[in-house]
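Order of writing sets the chain letters: A, B, C and D. Residues in each chain are counted from 1.
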Amino acid sequence: MVIPLISIILLCPLAAFVIFALLGLAKRSFPRQDLLSTAAMLAALVCSFLLLREVVPDPKPHTVNWISVGDFTFSMGFYLDSVTVIMLIVVTLVSSLVHIFSIGYMHGDPRYPRFFAYLSLFSFSMLFLVVSDNLLGIYIGWELVGLCSYLLIGFWFEKDSAANACKKAFLTTRVGDVGMFIGMMMLFAKFKTLSLYDGTENGIFTLVEGLSGTGDIIWLSIAGILIFCGAIGKSAQVPLHTWLPDAMEGPTPVSALIHAATMVAAGVYLTARMFPILTDTSSLVIAYIGGITALVAATIAIVRFDIKRVLAYSTVSQLGYMMLAIGAGSYVAGLFHLTTHAFFKALLFLGSGSVIHAFHAMHAHHDEDHTDGEAHEHDDHSLVHEHGSEIPPDQDMRNMGGLRRKMPWTFGTMLVATLSISGVPFLFSGFWSKDAILGGVLGHAMVSHSPHYYILFGMALIAAGITAFYMFRLIFMTFFGEPRNQEMHDMAHESPWVMVVPLLVLAVLSIPIVNPIWFNKDYVKPPPQSHIHAPAHAQLGPDTKTGDANSGFAFFWISEAQAAEEEGGKNTEKADDAYRIHKLAHNIAMVLSICVAGLGILLSWLFYHRRRFSAESVATKFSPVYNLFWNKYYFDEFYDGVLVALTVWKSRLFAQFDGAIVDGTVNGVGTVTRQIFAAFIGFFDNRVVDGIVNRVAEVTWAAGGRIRRIQTGAIQTYLFVVLGGIVLIILIFRAL
Amino acid sequence: MLLSLMIFVPLLGMIVVLLLPRESEELIKRVTLAFTLIPLILAVYLYITHNQPDLEHLWKQNVPWIATFNIQYHVGIDGLSAILILLTALLGPICVLASWRNIEKGIKAYMALFLLLETGMLGFFAALDLFLFFVFFELTLLPMYFLIGVWGGPRREYAAIKFFLYTLFGSVLMLVAIIAVYLNSNVINGIAAEARTFDIPTLIERAATEGHALANGTFQMWVFLGFFIGFAVKVPIFPFHTWLPDAHVEAPTAISVILAGVLLKMGTYGLVRINMDMLPEGMAFFTNGAGFWGNSLALLGFINIVYGSFCALAQTDFKKLVAYSSIGHMGFVILGLAAGNEVGVTGAILQMFNHGVISAMLFLLVGVLYDRAHHREINGFGGLGNRMPIYTGITTLAFMASLGLPGLSGFIGEAFSLLGAYERFPTLAILSTIGIVVGAAYFLWTLQRVFLGTLNPKYEALPEINRREILTLVPLGILTIVLGIWPHFAIEMFSESVVELTTKIMGTLQANL
Amino acid sequence: MSLQHYLVISAILFTLGIFAVLTRKNAISILMGIELILNSCNLNFAAFSRFVVPPENVDGLIIPNIDGQVIAIFGIVLAAAEAAVFLAIILAIYREFGSIRPDEVDTLKG
Amino acid sequence: MDYLENIESLAYFSPEILLVVFAAAVIILDLVVKNRESEKVAYLALVGLGCSLVAIIITHSALGTNESKNLFWGMIRLDGFAVFFKILLLLATAATILFSIRSEELDVRLKGEYYALLLAVTFGMFLMASATNLLMIFIALETVSLTSYILAGFLTHSPRSSEAAFKYITYGAVASGTMLFGLSLIFGMVGTGDLTTIGQQLPVVLASGEVTALGVLIAITFILAGIGYKIASVPFHMWSPDVYEGAPIPITAFLSVASKAAGFALFLRFFFSGFGNSEVMQSIDLGLLLAIVSALTMTIGNLAALPQQNVKRLLAYSSIAHGGYLLMGAVLLTNGDAAIVNKGIGAIIFYLIVYFFMNLGAFYVVVLIANEAGTEMIEGYRGLSSRAPLVAGAMAIFLFSLTGIPFLAGFFGKWVLFTAVIEGNLYWLAFVGLLNSVVSLYYYARIVKAMYLESAEDTESFSFSKGTFALLTVFVVPTLLIGLLNIFYSLSEKITLQ
């Protein structure tokens, strides 16, 4: 049943897109592309649920030979384990809900059918990525989702900001992808395969176990980090995170689906999948990147006013959490957070979409303005991205306020999500997953005695507090208080049911009880870890046990008894130690996280609801810090600056080049206004390569002219040459 | 027989076209189309039957030609040539269709020359006699010179003569190498033992015989260089590449398609057929990874990739951009060939085919736009996405394929070339990935400048791509997708040849180390 | 007189001829130079024939070799023919250019 | 060595005799016919050539294959080599006569003696191709030269033509005088005029010390001046551009093909028979000398052709360059290996066949354009592709063939030459030659460019007679096909010197 089900899951959305594309070629379109795509997605959803029963403990990939040349065979195939199924469900579920939401949200858009076609293509790509059993397949899906992200961010491509954002997104992620590709090359060179699991031949995970030694293997660390580079790009980790906030130029359902729930989480999924090959070093790098991202993005989010950007930075921050979890060995916690985050963040985005939709008339109006304004700057495109564009008024929280009464459903569902992401205990899924991460990191720190992980734990904890702060800031500014922009407020209205229902479903999914899969600790298990893994783990005894300990502790409050029973029953003393340490860590983490979350919410309440403190005055008081946050740590400026600096360097270089080689012909400089290397090389091409050729031609030509001049027309000259020739020949050959 | 038929049917077509009255333009076009369709049908038949050994005799022919020099008319195919013949035959009718409306003067001469060109290309890929190989190689020059020079853009004269001179320069060196091979083809241990020959399979065999003059390492190295420069100009490999952008920019659309789609492949095909297969020792010398010379071939591939990509980034002329991107993409072919292992060579050959398809698409697309707007300045467009959605869709597909988006055919060639190259030249392979990023950059940037943003009011009334144009693009688009999903369709044709070839190359390398 | 004498005279003649051909600014003088060259050759042939080639002994009859002399005769004839053609051409030149200075006849060049 | 006595020789001498007879007949006919019908004179000359051709074939078949006869006590030799060149020269003369009939620049009233002179020059060239005695060589050379001077200056009212004749005769006289001096030195060294004897005796006297290598070098260099002037090799080439430009176009064509071919025939026979001993060659390093001369000739010819605007002059330089290519084959005479020597001779012969068609064809087009457009300059060729598409196409084929673009005859000609040269291990020379053919593309393509890529102000079509196209076809078809047929290769291989 596995293959037919997976085929249906993949083919349904693909078919929806293909139908659109084929009809498009014939200059037609399917009358109800929206329903077609949604139906396809729902079919995939059903099949995903059916797949739940098909999971077997030690699955084999289902492969076919994709390319075979001589001894080499590249196989393509599906691999279905519990993680795959969960990802499938998450993707299809969120995707279905976003489809439904979009029916309302995108209503009236001139390219309405195309939007659904793109969504379908995206869903297909994402699902393909999820089920692939090998790196090449993952990479294919990986790039395809990137393409869809590109198409969807740039869906309103008439806006220059959107056009820039989509390009930026694609390029930035591609930088990471190249790293991933290099990592793949390294693995391939070593293992001669890109399959992860044992099919007809051994996969990478088995082969990697064959590597001897207990410490780090440098090349493997590098390969791991390089593969993680792909995740840095896709999951918008520092330093390649800048594209994600810009990606908010896309329609909001896209943000919910791609840039919150699924595609950006693919990086986490990939890192988790590659867990068995991660060495200590690469784990630490991953953890640090994750930790820094979590903290940096959270601080930036504090000062945003664009509702979507707040959520975007929040997403970046949460993705950082997940990476941190995996880096700290809490594989399951990372994936758990991925799932819960997918639901509540999708909910937040859809909710914000609902708010934006409430200002829809304004939105359309604004669009027109925007178009007019941009027309003048049209020729001004450059590779240097324009960013930090003005906040559209319908997304500006400073225009909102008091929407709670106008949009009760939206408010209610978003509040659930906010509570969840803030880590408000017990009732909300976010608390559990975030706590699992915090506990996992602290536990890892305590077990391995590594100061790094203590630092990381601190960063994660601070980020958790900040998260609670800015999320409640968002809620307070949007839904509470008095309307700040009465005109807009009057126009606002609750969204139609097609949009509200998905919100409700997602709100329900943010309650932990509906996530039962995660509380059966046998269902998701970390992959077996090999010898290459952390010495810290290794001290603890048999590696598999450590993994179990991790997964067991991730859900301490629910499964403690069960876990303790099992662990205690069969584990060695060392594992018991680890178990106890982890248990302790989780307790500490839980307490601390509740405290910081509470603190954050409290501060937020004081600042933005009770207005006990003025955010502005704090901002002026700590203006350097504020500026740092406001300017997003100057990442964009840095990237632009590098380009600009290179441009300057280029001009200087050209000046010299010109003087030296083309002696004073300066007209080249004027034309060479393009980008750094590109222009330099183009120049090189014309002046040096062609130049040499032309010079040869000139010399040849000049030689012709020279010879012509000897041909004076006077016969006695000719005769002189004859005699001279004779004498010369005799003189030269006399000696020989 | 069929193979000869396929090669000479276009020539026959040329004669027929020349006999038609100049005024009946429609008839000329139709006749040309018919004469290019015949090779295509034969090529499809070839594809269907290529793995049926009992039909092999249809696809070879060997008759004596110039007995004095033991030159034979020897044509035949293996997987590698078959796939390129398929490509050539496919692009033939597409180019005729693409020339349907936009060739304004002298359609008769144009079509006649085009048919001659097709004969040259098909013959080149099928030739198994070194002399014949060279004659067909050069046969493409003349029609190309006229096709660019007469029907090209404003600087066509310069472009045409530049193309001509560069290629001729390269082939001169190749000619010396060919003569050297011929003269040494009968010497074993210093004794002239058998008849001299130009027969490529025989030469390959002799070059692998211990003690044969052809098997001498130094000899192979020099001859390799001669052949290499000849082919390098055609590929083109840095620094012999500057004819390419000029030729492309000035050439009419269909000719650009042929140029990028097939003519560049002649260079790389030659590298495989002669430099790798016949001169493994020479190949080993330039790819053994030791010192400068041992890395030189891979280095050239790397330079091509990076250089071509960055140059493309600098362009504001749509067509020039595509032209430079071709240089970059051919770099992957060189890199894959330099790797010499199964993965790398498979990638390189796939890339040859796929680049042929994709660049053909790109040039056709540029042509479509040029026919409407009469300029190619990228910055002069904007917002066409709304005005021409189908065109935009197809262009996006072509761009994505070209920038190596997985799932489309461009990716596999690039990826395999790199995977293969990494095993042998890790640093260069890693550095070459810069090309992937830059490739994405210039294509996306172009996409943005041409299709995204607000519509340039000048082009409010730009008509959408028409059916004939779609018809030229669809087969290529389908190939791009199908081969992206299931490259096996192409690979199965040449995998045996690749295994044979790489076994030889790797064996030689190991023996040398 | 030995062979050397003839050769020296011939060489002097040849050199004088060449000198005249190279330096004289009159076509007629050039023609005379050419005649000198040809005559030096004739002298050479005759002298070599006389001194170098041994006479042939046919049945006791000593027949001196006259090959060189024959060539010299032919040389004289051809020189005369050449002079005739040359003078005819000089006439044509004079008609077209109004001068027989060789350096003024230089419209064809480059 | 057996010689045929004079009377016996006459039978084998019939082709030459027929030429002389018809030359006289032409003069007589010219007195009889009216000016308007002067074409009749040309046809009589053609008939004469035809008769001579028949005679050549008959004498050749009487000779038998691979046989040779020494006529007139060894003055000339009749062998396959001579027969080949005679046929080639005869055909070149026939072509020249046909060109002349159509050429409008030639003065109709004087045509009678013109054709007689053409027959006479052909006679002289026949002698050049077969002379084996120093005396005969000199006579043949002078016969050809004297008649050529007159032909070059045949346009009596054209200053250019007169100037050409003046330069030609001055240069020619000095060159042949110098050569005669060289010949006299050789005669003095061995005491005989017979080439074969010279070939046998020279190493002997050289070995005995009677003669120094320097003496031989001086003699050979002097002789080279005469022969080099005939084949226009550097540094004895300078007359040719001026003469070619000034002479009537058919005569230019004739000089560039026939005169050059005859020169090579003489060159080959002279060096093969007279110096065909490798000791002599090595004592003065003749191989290197010839190789350098060859390289310089083609390089200077090609480079000087680059800036030319006058097509005739351009083709003059190009023909210098082709002389350089041909000399590469001659260099192989100095190779010790007889097989390679024969390859060199075969290559030259093959190249001459090819060159005959492509160069004469090109000159024929020049004649046609000069008639119609009244100019020899490249500008006159603008837009020819639309004004006279067939002629333009033919010209393009000739020019690309001259460049050596594959599948055209010129390529195969070069192929044969370069193969031979490389086989003689002269890689550098082959390389220089090949680079030169790349350079040559540039100026040939300039004409093609003018014809095809540029448009004329005047777009009126030219009209040509059917005969014109027929004659053009005679040159185009071989230019397309020669290389593709084995017959010419085997022919050129069979023709050897003994």
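Note that in this section a residue touches a chain if its C-beta (ideal position, glycine included) is under 8 Å from a C-beta of that chain, and two chains touch if they have at least 3 such contacts.
Keep in mind that what you see is a predicted model, and the values were worked out from it rather than measured.
**Q** Using CA atoms only, can you tell me which chain is the most central one in this structure?
**A** Given all protein C-alpha atoms shown, the central chain works out to be B.
**Q** Using C-alpha centroids, which chain lies at the maximum separation from chain C?
**A** Ranked by distance of C-alpha centres from chain C, the top chain is A.
**Q** How far is the middle of chain A from the middle of chain D, if each middle is the mean of its Cα atoms, in Å?
**A** The answer is 78 Å.
**Q** With chain centres defined as C-alpha means, what is the inter-centre distance between chain A and chain C in Å?
**A** Each chain's C-alpha centroid was found; their separation is 97 Å.
**Q** Quick one: report the Å distance separating chain B from chain D, using the average Cα coordinate of each chain.
**A** That pair's centroid distance is 43 Å.
**Q** Provide the C-alpha centroid distance between chain B and chain C, rounded to the nearest whole angstrom.
**A** 66
**Q** Can you pull out the residues of chain D that are in contact with at least two other chains?
**A** 166-167, 170, 174, 178, 241-242, 442 - these are the residues of chain D that touch more than one other chain.
**Q** Which residues of chain C are in contact with two or more other chains?
**A** 18, 21, 102, 105-110
**Q** Could you list which residues of chain A touch at least two other chains?
**A** Touching at least two other chains: 708, 711, 713, 715, 719.
**Q** Could you list each pair of chains that touch one another?
**A** Going through each pair of chains, those in contact are A-B, A-C, A-D, B-D, C-D.
**Q** Which part of chain D faces chain C closely enough to touch in the complex?
**A** 134-135, 138-139, 142, 146, 149-150, 153, 156-160, 162-167, 169-170, 173-174, 177-178, 180-181, 183-185, 187-188, 191-193, 241-242, 245-246, 308, 313
**Q** Would you pull the chain D residues touching chain A in the complex into a rising list?
**A** The touching residues are 166-167, 170-171, 174-175, 178, 214, 217-218, 221-222, 224-225, 229, 234-236, 238-239, 241-242, 284-285, 288-289, 300, 303-307, 439, 442.
**Q** Enumerate the contact residues on chain B facing chain D in the complex.
**A** So the residues of chain B touching chain D come out as 65-69, 134-135, 137-139, 141-142, 145-146, 149-150, 156-157, 160-161, 164-165, 168-169, 172-173, 175-176, 179-180, 182-183.
**Q** If we count contacts the way the header does, which residues on chain A are in touch with chain D in the complex?
**A** So the residues of chain A in touch with chain D come to 697, 700-701, 703-705, 707-708, 710-711, 713, 715, 717-719, 721-722, 724-726, 728-730, 733-734, 736.
**Q** In their complex, what parts of chain C are in touch with chain D?
**A** Answer in residue numbers: 10, 14, 17-18, 21, 27, 30-31, 34, 37-38, 40-41, 44-45, 47-49, 52-54, 65, 67-68, 70-71, 74-75, 78, 81-82, 85-86, 88-90, 92-93, 95-97, 102, 105-110.
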